[in-house]
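Each of the next two complexes has subunit A plus one other chain: subunit B in the first, subunit C in the second.
Moving on to the complex of A and B:
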């Protein structure tokens, strides 16, 4: 289940960037602007949808959203 | 007039700001703005917003008056304000038969000042107005003439308070007394770029929003470098970037683009006051000045971005002995 969840997140990011065909787990999503500030709420919704739970904002940090690997660890492990 | 014009430097004789006392946490605006849990969570946790000033009961003039009056205190006894610009982001800040610039001029006891509104650069309008006022002084101002930039507006409707996925707007006002070759902070350069393809403000297509978000940081960096080049300075020679308070995430990406330490950009007021339209850079300036953090002779970058979309950067040199 966990890999299917992170695949959905990867697909959503790639869907916003048609010029890319793959996305490594350690790419910094924020600094590379793959997820810009305008798209952060959508990223949250995508993760919640894929994980099937609501994100507890008091328990997470922006670093949890840094890469696909950190997202997987924080929300799909 | 009889004096050279282009060689004359715009100086900021006094900068003041004003924030209404009423402070609210962003969660208190959730219902008014139709913001749900995830949106508020992103605004707080990632964009760095927390509290802001918001007082819908405060008349606009009462918001604008304190900073404007405080700035005018730097006017010498024999000084005269020839021009007054009211810079604002939202086009409609008053009913169509009310010219706020004229009303402000009368309220401040400046009936003879040529007063006009200035808004098409959105949140960069306050910086743009400084340039325009300076050019007016250069072109036709009498010797020793002054100009007053007044900015400030209120988040009077949810439509002008919530910029989706970007910021929650808040109330504030600021004012700047300007002259040529005065003793205040020297304006070294001003770079401004408007990308007209984003003129639809909040009605951009999702594709345009993605495109705009992706190039946001780079465009700010380009504008900053243009202003620096015009001033003959490097970013290393600038003490601090004094920015607009749109959100911390947008600035995080811009900081990466600029390749500077995060401390180089003053973001302390983002969680305190949020984005106050065109007042941010001046609110931040007065915070820094009042905390004793502006250094005599040091260079600072005032940077803002406006919907529409306009990017502006102004290099100033602080002079502690001056009025500002």
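Moving on to the complex of A and C:
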């Protein structure tokens, strides 16, 4: 059961990749190049907005952003 | 190699010599050049209103003049912060190449470039820390662009530097002339515009040469990927002016909502076109963007 917040993040990623209809929680977003360095900024802002949190950009742990599951655990748990 | 491409081109070697001479003739001490009052008046435009992110939108009407002034202060600190980090990143790339195989010919000019960019980074950081008490950051991470060859890598590095410099110069040239702004603000924009005109002249020539060389061997797909990447990079660079932390610091309650609304507004599209008018014309003329 996923939260509405993580659904927003999933929708944002799927919206950028019309060729995909699904995105499993364990897909590596970085390795699969679903989120490249130019898109990463928007991913962070999408999470901030959906979770209602302020992320410290100086202390970003890239592992938190690896998959939908790690994003959910880090920002929506 | 980059030096081979340059060495085959008399015109570019002449330009490099002229730009290096001009750097020597125009040399100044940035640490003594500017007046740095302890504070600047809060209730004034810190950035030309036409360059702020709310310009031409309903938000420019909704916010009070005082709120717009405050927002212009934080937006200006973000603009100079983008300069600080943009310069830091481009210095890393140029320092990685100076006096290495393939970059023998432009290394003399690179010394001026590195020296001048370091000085720009100093006065932009000084402004941010003195008046904004912070340097804004952008989130960084994600997969790096897949780079199939050194040739493409060098082309993208210098094209990114050029696009970034042209964006900044659009702002600098307007703010240097804007009598509504404080003289300290006008001064740093004026000096930066003066130095950047040399760097942009260098960048335009080099990027064109590197692209002509790449076209000899690259596939159509590679050239398409370069074009797509540069278009995305321009959009990404422009959108970095819309920073949620800036809106938060200016007292806006729902910063992401405002950011989204501004990015989706026709005024943003028009401002982006205006900012990159010359850049896009150059990139289209040279065939870098298709």
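Some points to look at:
As a convention for this text, the second predicted complex is superposed on the first by the 71 of 77 C-alpha atoms of A that agree within 3 Å, B and C clash if a C-alpha of one lies under 4 Å from a C-alpha of the other, contacts with A are read in each partner's own complex, and residues count from 1 in each chain.
By definition in this document, a residue touches a chain if its C-beta (ideal position, glycine included) is under 8 Å from a C-beta of that chain, and two chains touch if they have at least 3 such contacts.
Because the structure is a prediction, the values reported are computed rather than measured.
Judged by the touch definition given at the top, the superposed model places A:30 against both subunit B and subunit C.
In the superposed pair of complexes, A:16 makes contact with subunit B only, with no contact to subunit C. Of the two partner chains placed around the shared chain by superposition, subunit B and subunit C are both touched by A:48.
Touch criterion met: A:40 reaches subunit B and subunit C at once.
Residue overlap on subunit A between the subunit B contacts of one complex and the subunit C contacts of the other covers 30-31, 33, 36-41, 44-45, 48, 54-55, 57, 60, 62, 65. By the touch criterion given at the top, residues 30-31, 33, 35-41, 43-45, 48-49, 54-55, 57-58, 60, 62, 65 of subunit A touch subunit C in their complex.
The residues of subunit A lying in touch with subunit B in their complex are 16, 30-31, 33, 36-42, 44-45, 48, 54-55, 57, 60-62, 65.
Residues of subunit C touching subunit A in their complex: 137-146, 232-233, 236, 239-240, 244-245, 248, 256-257, 259-260.
Those residues of subunit B that touch subunit A in the shared complex are 37-39, 41-42, 44-47, 165-166, 209-210, 212-214, 216-217, 247, 249-250, 252-253, 256.
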